[in-house]
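First chain A sits with chain B, and in the next complex the same chain sits with chain C.
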Partner chain A sequence: MSSQAFSPVHPNAATSDVNITIDTFVAKLKRRQVQGSYAIALETLQLLMRFISAARWNHVNELIEQIRDLGNKLEKAHPTAFSCGNVVRRILAVLRDEIEEVSMSTTVTSTTVAEPLISSMFNLLQKPEQPHQNGKNSSSMRTKTDYRQVAIQGIKDLIDEIKNIDEGIQQIAIDLIHDHEILLTPTPDSKTVLKFLITARERSNRTFTVLVTEGFPNNTKNAHEFAKKLAQHNIETLVVPDSAVFALMSRVGKVIIGTKAVFVNGGTISSNSGVSSVCECAREFRTPVFAVAGLYKLSPLYPFDVEKFVEFGGSQRTLPRMDPRKRLDTVNQITDYVPPENIDIYITNVGGFNPSFIYRIAWDNYKQADVHLDKKKV
Partner chain B sequence: MSESEAKSGPTTLSSKAKQAATAATGAAANGEKKLTNKELKELKKQEKAAKRAAMKQANGMSIEQQQQQAQMKKEKKQSQREQQQKREQKLKNASKKKQNERSVKKSTLFGHLETTEERRATILALTSAVSSPKTSRITAAGLMIPVVASALSGSNVLTASSLTPMGSSTASAPAAAVPASATAPTIAPSTVLSAASTSTSTNTSTAIQQEISSSSASDVAKTLASISLEAGEFSVIPGISSVIPTVLEQSFDSSSLVSSVKELLLNKDLIHPSILLLTSHLAHYKIVGSIPRCIAMLEVFQIVIKDYQTPKGTTLSRNLTSYLSHQIDLLKKARPLSVTMGNAIRWLKQEISLIDPSTPDKAAKKDLCEKIGQFAKEKIELADQLIIDNASTQIENSTTIVTYGSSKVLAELLLHNAISLRKDIKVIVVDSRPLFEGRKMAETLRNAGVNVMYALITSLDTIFNMDVDYVFLGAHSILSNGFLYSRAGTAMLAMTAKRRNIPVLVCCESLKFSQRVQLDSVTFNELADPNDLVNIDYENPVERRGNKGALLKQFIKERRSEKKKLDLENKPKGNKTGSKNGSVEENKDTSNEGDSNDKNILDGWQELPSLNIVNVLYDLTPPEYIKKVITEFGALPPSSVPVILREYKGSA
Partner chain C sequence: MSEFNITETYLRFLEEDTEMTMPIAAIEALVTLLRIKTPETAAEMINTIKSSTEELIKSIPNSVSLRAGCDIFMRFVLRNLHLYGDWENCKQHLIENGQLFVSRAKKSRNKIAEIGVDFISDDDIILVHGYSRAVFSLLNHAANKFIRFRCVVTESRPSKQGNQLYSLLEQKGIPVTLIVDSAVGAVIDKVDKVFVGAEGVAESGGIINLVGTYSVGVLAHNARKPFYVVTESHKFVRMFPLSSDDLPMAGPPLDFTRRTDDVEDALRGPTIDYTAQEYITALITDLGVLTPSAVSEELIKMWYD
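== the complex of A and B ==
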C-alpha cells in the first residue's frame, strides 16, 4: 500500500499535498510515535478532514471508497490502534446515513429501514429494498457539495465528542463509588481514569483509596506518574507491585480499568499487560470491575482471534542482556485482552452498559458494510 | 525564630533579636554594642524621638507623661512580640508534629505490620551498640557510626567523621552523635562558641578535630551545635548513633519498639557474634528462602552451642534454652522468623529440655550439634530427595511446566528430570518485580541445558494460552487450614491455572507445615522495603538498581537541610562571610537535589502524605486452587495438612 494508489486518480496538487500528510501519519503510526487512542483518534480525524476537503469524486460512493481505502491503509500501518479505524468507520456511517436520508426523501414510498440487523424479525423474510439509484442522478449535482459538508460536520462533531468524553463518563461513574472505598486500577496510563478519580475527589469530595499496580515492565513509568498525580490531589494512593494484586483483592471495593478498544462481544483490549489477570482475580473475589470507555473506543470488530489483537513488545524490557549462548525465550505482552465475562459494566459517555449490550451501541454508530475496510464492496 | 527574623527587614534584624533576648535592658543600652551604621541609625532614631518629644512638649505634654506613654508603648510592643513568638513556636511545634506523623509512614491497609524501616532502625541501633566503637562503616542499611555512650560501656569516646563527598570545608556534615544523657550535659547553643576548649566535652571535641582535620574551629563549633541540637530533638536511646536518618529515628516514637530495643541492648553481651552476622545477612536479604534461612540458622546454632559455657549455678538443659532465646530475639529483628525456622527452634528447645542434667556439658553439647546436623539432613536433604522422587512420577516426557519465582526443591526437581532422567521438558519461569527471583531460577536451569522460557507475571494470559500441562509451586509454608503461604504472586498464578483446569502441584517439606491458620494475605504478612519499588530505570527496566544508597542519600539530604537551618540560626550571630558561604552552598544543594529528583518519579514519596508504597512479600493461596501437596510423606490434598501435623508431631 503506497500513495501511488491514489496519485493517478487525483493528479492535482491539493491531493498530492494530502498524500504527503497521509504518508507521514502512516509512518508515525508504524513507528508507534503516536501513543494513546485519544491522540490517535484526534490525529486521524484531522487527517480525514484534510483528506475529504481535498477529495474529488463523481458519486458519493466514490468518496466512501476513498475513505475506506484510507482507513484500510491506516489500519494496516498500526493494526492494534483501533481508535483510528473506529473514527474512520464513524465518519463512513455518517455519510451512509446521509445517503439513506437523501434517498428516502427523494423516493416517496421508501419506508424500509436499510439496516437489516437492527430491524425487527417481522421483516426478516421481506425482500430488502434496493437503494433507488434513479433519484440519485437528478439530485447528485445538488448533493455533491452537501456530502463534503456533511462529512466535515460529522468530523467536527466527533472531535467535539471525543474531547468532551470525560465529562459524560465522570457523571455516571462517580455515582458508582462510595465514600472510603478502596479502588484498584491496573491501567494507570488511562487519562480517563485519572480525570475521573481527580474529579471524584475534588468535585464530589469523596475520600477513597486508590491502589495502582505497577504494570511492569512497560507501564511502570506511567504508574508512578499516575500515583504521584493522585497523591498530589490529596487522594490516598498505594503503589503495589503486580504480584500483590491477589493478596490485596479481598480489600478492594471496585476495580476500574481504562480501555483501548471495546469489541462488539463486550471484551476489551487494555493498553497495559496484566489487566486480564487483575480482572480475573476480581471475578474470583466477586469484586465488581467497571471499564471506562469513550464511545470512539467501541469497535465493530469481533475478537475471534485474540492473539491478533494483542500486541507484543521486545524482549529487552523483560530480560537483561545475557550470554548469547545461553539465551532464553521470553514474552513481553504490551496489551491485554479482557474477556467480557470478567467485566461487570462499561461506563461510556452515553451511559453505562452491560458488556452483553455493547454490540447494540456499536451498531448505533457503525454500519455493517464498514466492518472490514480491506474488503472491496461487492 | 529564624523565620521571623528572615521576614523582618535586614536593618532591624539584629536589634530585634537582641531586644527579644534581653527584654529588660533598654534600647539605648543595646545601641552601644552595635556596628557603626547601626549606631548611626539608632542615633537618628533617638534624634527623631527627641524631636517628637519636643513637638509633644510644645503641644502641652509634660516629660513624665511622655515617658509614661513611651513606657506603655514599649510594653505593648513587648507583649505583642511575645505573643507573636508564642504563635510561631506553636506553629513550629505543630509542623514538627506533623512531620513526625508523616515520616512514620504506615499504609492504611498494613498499619498493623512492622515496616522495614522499623526493623532496620532496631538492627542499626543494636549493631551500632554491639559492634566495636572504633570503626565507622557504611553498611547496606546506611551509614553506621558506632557511638559508645557511657551508659553502656563507661567511656565517653565519641567518634565522628565527615561524610559528604563535597570537598568544601563547610559542607563536611559532621556525624553528630547523641551524647549519653548521663555524662554529657547538653551544650546550650549560646555556649558553643567557647565550648571547644571548656566543658566536659573536651574529649569529644578533640576527637572531632582529629577526624575533621581540614575543617576550621568554627566548624567544630557548628558540629557541637548540631550535637546539642539533636540531643534536644530526639529521644535518646543510649548507644544509638544518630546517623540513622530521621525517618528511622522517628520509628522509635513508638514506645513498644523502644522498650524492645532496650531489652535487647541489656542482653547485648550475651549475643554471639555469629548470630549478629546472620542477622545482618538476613536483614539484607543475602540469605533468602525459607529453607536456606533455616539451614543457615541451624549452622549458626551449632557454632553458638559449641561456644556456649554454662554459667555457675545452673545446668545446661535449663540455661541453654534461655540463652538461645536471646539469640533468637535478635534474629527476629532481622525479619520475622520463617515457619521453618520456628519449627526448627521448637524442635531444638524440646531436644535441649530432654537432655539429662547429669550429662557433662561437653558431651551434651556434642550430642546437640550432632542432632542438629541430623535434623537438617533428615528434614531437608532427605525430604527433598523423597519429594523429588515422588514428583518425578508426575512429569512425563514433553510436558510444559510453569513455575513461579525461585524454589530450591523445584530447581532440583526440574534439573533431575531434565538432566538425570532425560525427559524432554519445557519450563516456563514466571517472575515478578521487585525481587526477580525467577531470574536466578531461569539461569540455573538454562545453564544446565533445560529448555526455559522466562516471563513476567503481567503476561500470565499469554503463558496460559500456550500448552501448559502443570503448574509446580514452591512454598514458604502451608498453614493448617490448607492455605499456601508463598511469595506474592503465587496465588494469582494458581488461580489462573485453576480457572483453565491446569493442575497445580506444591512441593513442600513437612518442616514447612504450620499450626497457624489465616484467612487472607492482609492480616499477616511481611513488608519489604518500599524503596525497592521506587528505584527503576524507566528506559531499561530490566537492570536492577539496588537501593543500597537510598538511606545514605536520605541521610545526606537530612543533614543538609539541618545544616541550612543551622546556618540560618547562626546568621545573626556570625559574620557576613559565613552567611555568604551558606548561600553559595544552598545553591549547590538545590542543583544537586534537582539532579537526583529526575532519576525516579517516586523519589521523595515520603514527603507526599497521601502516597504510600506497599511491597508485601507473601500471599495466601486458597486450598481449592491446589490439586495436591507433595511432601516427604507422599502426595496429599491440602486439607490433609493438619493430619500430618498431628500424626508426626513427635518428629517435627
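== the complex of A and C ==
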C-alpha cells in the first residue's frame, strides 16, 4: 500500500512555494529569531496549515510521512524549541486517530473482530495478527475520508486551544491564592504566570505580595517589566536578587514557575536559569511549587540526557568585556531543568496534575509512534 | 490423566529453557494443563485453572513472579468467556499458541532493550544488582550499539547471581567489576545510575526483587542517583505490599529458633524484598518508559474494563 518510494523533493510545482516558506522558517529558528514557545507553536501551526494545503499524496500514510519529515526538519533546526515538535505530533495524533476510527468502522462490518485490544499487557496472549485484514481495509478507506480537511480542522482547533490557554489556567488560579500570601516567581518572562497573578488579584480581589527574582543576567529586563505590570495592577511587588531566595524562602507561601517544556517523567525545562535552585530551596523549606503550563508544552520526550536539553547562551551578558589574553571561562546558562520531585503540582488548562501523572496527559494527546520523528518506519 | 502435576510441569519448563521467565513458565504450565485435561465445559475449565494455580502457588516458595503469569492467564480466559462466550475457540487458541507466547515474551525483552538503550550514554558507570535477563539484554544491546559504558556488578548474595552476570558481561567485552553487596554504599557516589530487574512489580509501582534491592534503592535515593527498573510488563502483579513483611515468604523474616540441624551455614533470612515506588525513578518496560504510578493504570485496564 505504501510501496512507492517517497521522493524527498516534492515533485509538484505548487509545493515549491511552500518549500520557500519552510526554509525561511527553518532559518528563523536556527537564528533564534522566533522566541518563546507560544510564538513558535503558533508559527509552526501556520506553516503546517500551508504545508498540508499544498501537499499531494496517494495514501494518508504518505501524508503522515511528509508531516514527520517536516517535523524532523524543524526539530533539527532548533532542538530545544520543544513546542514546535509538540504541535506537529499533536496533528499527527489527530490524523492517526481518524485513520483508526475509519478502519474500526470498516472492520466491524466486514470481518468478525478477534478481540479489541484493551490492555497492552494482554499483548502476550493475544491471537496472532492476521495481516490480510489490513490490505482489505486500506483499499476501501482510501477515498472516503478527506484527511486534508481533518488535519486542517485539527490545526484550527489547536490554534484556538493555544490562544485560549490562559483562560483555562486562570479558572484554577483563583482557588489557589490566598489572602495576604507571599508568592515567589523565578520566571518573570512567563506571560502565563503574569496573567495568573493578575487574574487572582482582579477577579477575586485578593491582596498578596509577589517576590520576583531578578534573573541576572538574561532576564533582568523582563523581571523589571514584570514587576512594573504587577504594580500597575495594585499588587505589592518586590524584585529580589537571585541570591536572596534561600533567605526569603521561609516566608514564602508558594512558588510559581512558568515552563518551556514538560516531559513525560514530570520534569520541566524552564526558560530561565536559576529556577532549579529556587525549586531546590522550596523543597528544603517544604514550600509548595506550582508549575503553570499550557497543554501544548507537554512533550512526549523523556529527558534522558538533561545536558542536551539545557541551553547555553553567549557569555557577553555574564561578563561584558574580556581581554582575550587572559584565560577566563564564562558560562551563561539560559534554561534550566527542574526534576519532577521538586515540583508539587502542574496547573494546565485542563486541570491540576501531579508530576507523576503527566505521562497520562501526554499519551492522551500524542501517539507512541510519533515520539521519534527522525526514526523511519521499516 | 491424574498423574499430571502442575508444579513438576512448571519446574520442567524452567529447567528446559533457561531463557524463560517464571510467569511465562506458569502460563506454559497452565496451557499444558488445558491440553492434557481437556475440560468439557467453561466452568470446569475455570475451576481446573483456579485449583491448579493455587496448587502451584502453594508449592513454590517464591511465588510472586509466577502469580503474575497466572493472573494474566486467568484474566485472559475470563474475559474471553464473558465477552464472547466462545470458550471452545478460546481454549483452542491457548492450546495451539503456547509456543507463540514464549517467543513473544522473549521478543518483549528485545523491545525493552530498544526502548531502554537511550538511558545509557557514553562514559556511564552503571551499577547492577542481581542477574536479570531484561537488564542483561539491555546492556548487551547498548554494547552492540557501541556505547562505551562500564558496569559495577554486586555479588548479590545469597544467590550469587552477580557472578553469573559478571561473567556474561566480561564475555561481551564490557568493562565490569564485581563488588560485595556491602560495598554499594562506598561506591554509590562513583556510579551514574542503577539498573535492577524485578521478580514482580506491585500495583503501587514498587518492585519485589532479590534481597538487597531495597538497600541499593535507598542508597541510590540518598545519593540522588537515578534508579531504573528494567522489567517485562507481564510481571506486573496485583499486590499491594507496604513493606517487605507483606510478601509471601516461606518462613518468618527473622527466625530466632535454635538450629537443630547440623548445617554449617548459619545464614537465614528473607531472599526477596520490596522496594517502594518512591525510590524508583522509572520503569523501563516493553510498554514504554513508565513512572511507578503508571503500573496501577495498566493493571486497572486489565482487570476493570
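What we mean here is this: the second predicted complex is superposed on the first by the 334 of 378 C-alpha atoms of A that agree within 3 Å, B and C clash if a C-alpha of one lies under 4 Å from a C-alpha of the other, contacts with A are read in each partner's own complex, and residues count from 1 in each chain.
Assume a contact is a pair of C-beta atoms (placed from the backbone, for glycine too) under 8 Å apart; a residue touches a chain by one contact, two chains touch by 3 or more.
Quick caveat: nothing in here was measured; it's all calculated off a predicted structure.
Enquirer: Quick one: classify A:R360 as touching chain B (first), chain C (second), both or neither.
Expert: Touch partner of A:R360: chain C, not chain B.
Enquirer: Determine, under the contact definition given at the top, whether A:Q368 touches first (chain B), second (chain C), both, or neither.
Expert: second
Enquirer: Which holds for A:P320: it touches chain B only (first), chain C only (second), both, or neither?
Expert: Once the two structures are laid over each other on A, A:P320 reaches chain B alone.
Enquirer: For the overlaid complexes, name the partner, chain B or chain C, with more touching residues on chain A.
Expert: The partner that reaches more residues of chain A in the superposed model: B.
Enquirer: After the superposition on A, what does A:Y302 contact: first (chain B), second (chain C), both or neither?
Expert: The answer is second: A:Y302 touches chain C but not chain B.
Enquirer: So, A:A227: does it touch chain B (first), chain C (second), both, or neither?
Expert: So A:A227 only meets chain B here.
Enquirer: Touching A:E161 in the superposition: chain B (first), chain C (second), both, neither?
Expert: Neither partner.
Enquirer: Is A:E100 touching anything from chain B or chain C once the two structures are fitted on A? First, second, both or neither.
Expert: Neither partner.
Enquirer: Using the superposition on chain A described above, determine whether A:V264 touches chain B (first), chain C (second), both, or neither.
Expert: In the superposed model, A:V264 contacts chain C only, not chain B.
Enquirer: List the residues of chain A that touch chain B in one complex and chain C in the other.
Expert: Chain A residues touching both partners: none found.
Enquirer: Provide the residue numbers of chain A that touch chain B in the complex, in ascending order.
Expert: 182, 209, 214-217, 220-221, 224-225, 227-228, 230-232, 234-248, 250-251, 272-274, 276-277, 280-281, 284, 306-307, 310, 312, 316-320, 326, 328-333, 336-337
Enquirer: Can you tell me which positions in chain A touch chain C when the two form their complex?
Expert: Of all residues in chain A, those touching chain C are 115, 118-125, 127-128, 264-266, 302, 304-305, 354, 356-357, 359-360, 368.
Enquirer: Please give the residue numbers of chain C that touch chain A in the complex, ascending.
Expert: Interface residues on chain C, with respect to chain A: 27, 72-73, 76, 79-80, 83-84, 93-94, 97, 100-101, 104-105, 108, 118-119, 121, 233-234, 236, 281-282, 286-294, 297-299, 301-302, 305.
Enquirer: Along chain B, where are the residues that touch chain A in the complex?
Expert: 107-109, 432-434, 439, 442-443, 446-447, 452-463, 465, 487-489, 491-492, 495-496, 499, 520-522, 525, 533, 536, 538, 540-543, 600-602, 605, 608-616, 618-620
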